[in-house]
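Take a look at these structures.
One chain, chain A, links the two complexes that follow: it is found with chain B in the first and with chain C in the second.
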Partner chain A sequence: MPETTPWALALGQMALLVALGPLVTGLIQKLKARLQCRSGAGLLQPYSDLAKLFRKGSVRADTATSLFGAVPVLVLAATLSAAALVPVVYVAPQGSDGAVVPLGDAILLLGWLALGRFLTAAGALDAGGAFGGMGASREMTVATLVEPVLIVVAFSVAVAAGTTDLAGIVAHHTQGRHIFGAPDLLALFAMLVLLLAETGRIPVDNPDTHLELTMLHEGMLLEHSGPGLGCLVLAHHTKQIVVIALVQALFLPPMASSLSPRALAVAFLGFAGLTVVLALFLALIEASYAKLRFFRLPQFLGIGFVSAFLAAALRLL
Partner chain B sequence: MTPELAARLIDAIGAFLLFTMIHILAASQLYRAIYVVAAQSVFIALAGAVLGAATDNLDLWIIAIVTLLVKAILLPWLLFGVVRRIRIHREIVSVIPITVTLAIAGVIVVVAFHLSSSLGSVTQAITGNALPVGISLTLMGVLVMMSRRTALVQMIGLFASENGIFFTAMAVSQGMPLIIEIGVILDVILGALVMGVLVLRVRSSIDSDIADLDRLRG
Partner chain C sequence: MRPDTGSSLMFAAYAVGAAAPIAAGWSTGVTRLLGHLGLLTGAVMGVWVAVLSLTQPDAPVVASGPALFPFAALSVSLDGLGAYFLLVISLVAVAAALFGPAYLRAHPTRSAAVEVAGINVFVASMALVVFAHDALTFLLAWEGMTLASYALVVAEGGEGNARAGLVYIAMAHAGTALLMGVFLLLVGRAESFDFYLIRQTAATLSDGERTLLFFLVLGGLAAKAGVVPLHVWLPLAHPAAPSHVSALMSGVMLKVAIYGVLRFGFDLLAPREGPLPPSWGWTVLILGATSSVLGVLYALQQHDLKRLLAFHSVENVGIILMGAGIALLLCRRGGACEVVAAVGLAAALLHTLNHAAFKGLLFLCAGSIQVATHLLNLEDLGGLGRRMPWTAWLFLLGAVAISALPPLNGFVSEWMTFQALVLGGAALKGAEGLAAIIAASALALTGGLAAACFVKAFGVTFLGRPRSSHAAEAVEVPLSMRAGMLLLAAVCVAVGVLPGPVLSLVDAPVRCLIGGPGLGALVTVRGPLVLSALGTDGGVTAVSTTAAAALFGALAVGVLAFVAWPRAAGRRLAPTWTCGMAPDSRFDYSATAFAKPLRFIFAALYQPKRTVERDTGVNPYVVRRLRWEGDVVDIAETQLYRRLLDGVMHVASAVRRRSTGSIHGYIGYVIGTLLLTLLAFGRA
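So, the complex of A and B:
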């Protein structure tokens, strides 16, 4: 294998995730609309929204510092770095020369996501708007509930694979050495609960609202406009598909271990199929549940916490 | 069905049982708790059927079917009837906050694993995690009974606890004899009926729930 190939592969998979991110958002919104007997916007609506945002000029609050202008770019950069760490369709067979993505492991990925979250909140606080402050405070509260559980889930899978490297975990799965048992099921359940929180969807957050006190993510974006807002929205689309890809990498990786076009096509179809299934899950939950009251959230996310804890206990004890 | 496949299936069902149990612990609405405990009973019946298929034991099949009919259909129906009759508000009132209950559940899991490893050489019919899972299910059911104020939810805790005991019995001894299992199920039905009548009577005579009956007056 030539020297440059791993990097090209990592960047290629990252580009794939970024390109497909808005489509997944569009798909979820379309499915949700159909479930609610509306016709809904087209699948490509998020792309149009992004194009519109990047064409616009931007305004800035008088109170904002120079950090405010840098935040969208930094958030997007952090999220893209996270996207580069997830194997999507291809993973090198283990033992050849380590990971195909020689960049970092699951812990670094979660770290990038946390950094993106922190920067978004910092930007919201910097602008000084009341909604932004509220949104940031709530988002950080949710973060303290979500991130430890994500780490526990990642560890419970990593213990079985013997590595925190995502490529190693995937290789462990695809080579059939992994027996899918009770710990995996529980970790998967925990991950599905977290998926709702991480993608900012009902019952944790309502992605459709801009002007309510209940909003978390949208509240933090209120002060941003134009290309800056575009960066943040794109970062959110990307984060969503990164978490979806992470679920697949940890539990059900349909990945190719050779570079033949046929294997890659099969792997891509598997990825697309599982993504549609997860999108349907998100849309179903969103169409059939109401948003939880904020102080009920620890109770809801507690389900994820105990499940993840049980998964780790089953694996370790 | 090979014993190996059966062990893996039982293991997976154990995960589903634990997940439903966490849902019962976290539920803040009565209806949801009842639905979840019904789902849990379906999984218990499935586990019985799997074990029955693996061991060619007709008794286990009968127990699975009786469990399905009684615990997954009859008892939830009874509970819904009581809920409708007394028109209580649907929120579950707990003695300690539900988040604390969930944290205690985490402790229970560790205790259960410690217990089952200190039991040492118990001959397990199913290898793997079935025994600690069964123990933690039972204890979590008791936790539900302890931490909720209303009699109905305590009943749900009782059913969940009974499911846990059933699972433990399967893990240790491939299920109890048919006659004992039938007796247990009859007891559960009787308990549900008595509890239902008690709840209705208490409500109609003093308009409160059993949590308020904590003082003796002479």
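So, the complex of A and C:
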């Protein structure tokens, strides 16, 4: 296989995820509105919001450093890099010499997302208001609790596949060597708990809130405006769909077996279907629960840790 | 020039540097310049010798020195392991030598002679430890390292530094005593100080003796490496020294102890064939996991920048030990285990280099802040990013690297440690495999906490508004200091983006310790691009940090071009929104506040103390004045050392009660002891 194909594949799937990211947000908002007996905004509202933000001018805090302008750029770049790593509809088959696509490691993917979060939090402290600091402090606290669980979930799958490479994990699934059993079920449950935390939704965070004291992620974005804010919002949409795609890649990958248009279309429909199911899950939880008190979160995420740990234990014992 | 000539020149340069105060005693400035010039020359020679020995392993350095005693000659040699650690030592020493003179001019200690003699002897002793080929040289160099660093810790004077020095030297000597005991046992059997004969003798030991000796050595080395619970000296001593010496102590001196662990575990005490006792690997792994989690948890609650960094050294030593532990556990077991052991050992070695680079960088940044503001308390800093952009960006780079985030070096070595733990877990299966996965989740927790800690450290120091007049008037440090920081920053970027060539340097020590084909056969280094480790059953795990970094860079440039594209609506500056009040520095989030949620969540461990005094006047709802005081105490200090101290004091007071002051009583005690001793041991 020529060396350019992995790049084209990675960039193509990245473009797909970036293009669909706002749509997923729109879908969740719409579903949530319907569940609350409202008509809600159109599915394409997030695209209009982005277009508006990118056209606008920007206001910068007069105390901010040069980092403040760099943060949205670096955060979006890191999130896009993560998007290039997750297989969506197709993975290149492993070569006979064991050579694989050099992009696609699960730990690297989590690393890029963590870099995005690190820089967003640092940028939030730049303007020097209490809201940014509060958001950053809480976001980093949640992240320290989420990250070990994510790693254990990934490892419980990786132990079976013998690799942390997502392409390898997907190949392990699609070649029928993997039977969906109790460990997968437990790990999937843990992953769904984490999905709520990673996408910043109720009960961990409230994306709709405008009360400063209750927000985590929104609090960090408070001082950004115009194109910078647009970058951060787009990064958030992309991160959401990346995590959704990661759930699928780890457990139920709908992958095409070849690059023929028919197979790709089938795989894409599978991806879209599963994404709608996960979006419905997020919307259902968001419409039927309240945000948890911040210091109750360790217990909530603890459920995830216990089931992820049990999944790993079942796999090994 | 051959490596052995280079080594001689290196030690000669250090000697000249140490002798600078004699030659140039009339001027403090010239003494400093000359001393650091010697250090720089020696360190550059050291880097050169190390790289030469690592890339051409067939030209080993062996030399015997003068016979100090009739029964023991001093001898030195440099194998792959020694050369790699020499590289780490010398690299940070170059940066320290560049940084030192300007730093000391702005922030002098009591005596320039102690500064330059101390730092040269310190670095030369560390180099001599990795060169040592017999027990006597090793112990002498080890002691030189301790004494020279002690002199530097107390160089600034003052009550706090004296106490730090006392704790440090007591702990260091307790460790040295253990090492000395082990060496005496081995030397007695081998009837020689030479490492070659010691190794031969150790191969004949029984398993029980071998394990006992290893644990004694591990205790001695752990005290030097700052492993929990023997770390209490570290957060005292490292901040007390001048900053470039802190960089050396934290970035390098702890690694010399790691060198000892590897040297004893894989080499000197190892049986001739068959796997190493499993208790070694598990002990090292568990110590590593504990140190990393506790180290970073305590780091989070520190508000003194250098103290915070010192606690992070405890954490990173833990991470290195995790890699070393899994390697000790799996090496010589055949099959997939061998491969994973090689990856674990390579991860430990690479993290040794990486930690030296980013921790050195961060300590030098802390030194710059000290020069610019004479402050280290995070709560008094703030807003330095606008006045010191170089230091700010370099600190951010170090912070990203130490938080193990791509695309920098910390990520590469932690990725390899993760691989070793997960694939090792898969290879071990059962409860042992699960333990490896638990260690992996401890590592993930450590990474997350480190990121939180460095968002705090960076944000509170460099962003927002200045919270003191010193911080408001800070100016950027001179070029020579920035050069030292830039060198280490370049290492962080290079290892992160191009791990391939650096891993080829790790190959020699891995081959030297666990034999076989080394890492080259196991890890495919496709050009500079792909770093991949063969896992179980032919599975492959690969990551190309080069490709990932290139992608990241290209995307960042693209996004920047899009954002910076001129728009009709312009940009403007405005004050931060603070709900309509006039913003000042009291609106900024403080370090204490930032770490508060984690202090709350981990309260069982921290047991935080706080006192709040409220002055409310007539109306209880209107607070006129509020005084808050909070503190987090190290659990090792309260649970272990305080109790130990109480026990000692208790015994001492019991003894004092029986000391009557009458000579007859004492003679009675002496005769009683003599009688008991004769009864117990006098039979034969």
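List of remarks:
We adopt the following convention: the second predicted complex is superposed on the first by the 305 of 317 C-alpha atoms of A that agree within 3 Å, B and C clash if a C-alpha of one lies under 4 Å from a C-alpha of the other, contacts with A are read in each partner's own complex, and residues count from 1 in each chain.
Quick note on the criterion: contacts are C-beta pairs under 8 Å (C-beta built on N, C-alpha and C of every residue); 3 or more make two chains touch, one makes a residue touch a chain.
None of the values given here were measured: they were computed from a predicted structure.
The superposed arrangement places chain B and chain C next to each other on chain A without a clash. Of the two partner chains placed by the overlay, only chain B lies in contact with A:Leu185; chain C stays clear of it. Contact with both chain B and chain C is seen for A:Pro298 once the two complexes are overlaid on the shared chain.
By the touch criterion defined above, A:Ala122 reaches chain C but does not reach chain B. Within the superposed three-chain model, A:Phe271 lies out of touch with both chain B and chain C [touch as defined at top]. Look at A:Leu317: by the touch rule set out above, it reaches both chain B and chain C. Touched residues of chain A were counted for both chain B and chain C, and C has more of them. Look at A:Ser307: by the touch rule set out above, it reaches chain B but stays clear of chain C. Angle at the C-alpha centre of chain A formed with the centres of chain B and chain C, after superposition on chain A: 90°, rounded to the nearest 10.
Of the two partner chains, chain C is the only one touched by A:Gly57; chain B is not.
Put simply, chain B and chain C get as close as 7 Å, counting only Cα atoms, in the superposed view.
Overlaid on A, the two complexes show chain B and chain C touching the same residues of chain A, namely 298, 309, 313, 317. If you check the complex, the residues on chain B that touch chain A are 8, 11-12, 14-16, 18-19, 22-23, 25-26, 28, 98-99, 102-103, 105-106, 109-110, 113-114, 117, 128-129, 132-133. Those residues of chain A that touch chain B in the shared complex are 179, 181-183, 185-186, 189, 296, 298-300, 302-303, 305-307, 309-310, 313-314, 317. Contacts from chain A toward chain C in the complex involve residues 10, 54-67, 72-74, 76-78, 80-81, 84-85, 94, 98-100, 102-103, 105, 107-108, 111-112, 114-115, 117-118, 121-122, 124-134, 136-138, 140-141, 143-152, 155-156, 158-159, 161-165, 168, 222-223, 226-228, 231, 294-295, 298, 309, 312-313, 316-317. On the side of chain C, the complex with chain A involves touching residues 382-383, 385-386, 389, 392, 396, 400, 403-406, 411, 415, 418-419, 422-423, 425-426, 429-431, 433-434, 437, 440-445, 447-449, 451-452, 454-456, 458-460, 462-465, 529-530, 532, 534-545, 547-548, 551-553, 555-556, 558-560, 562-563, 567-578, 583, 585, 587-589, 593-598, 600-601.
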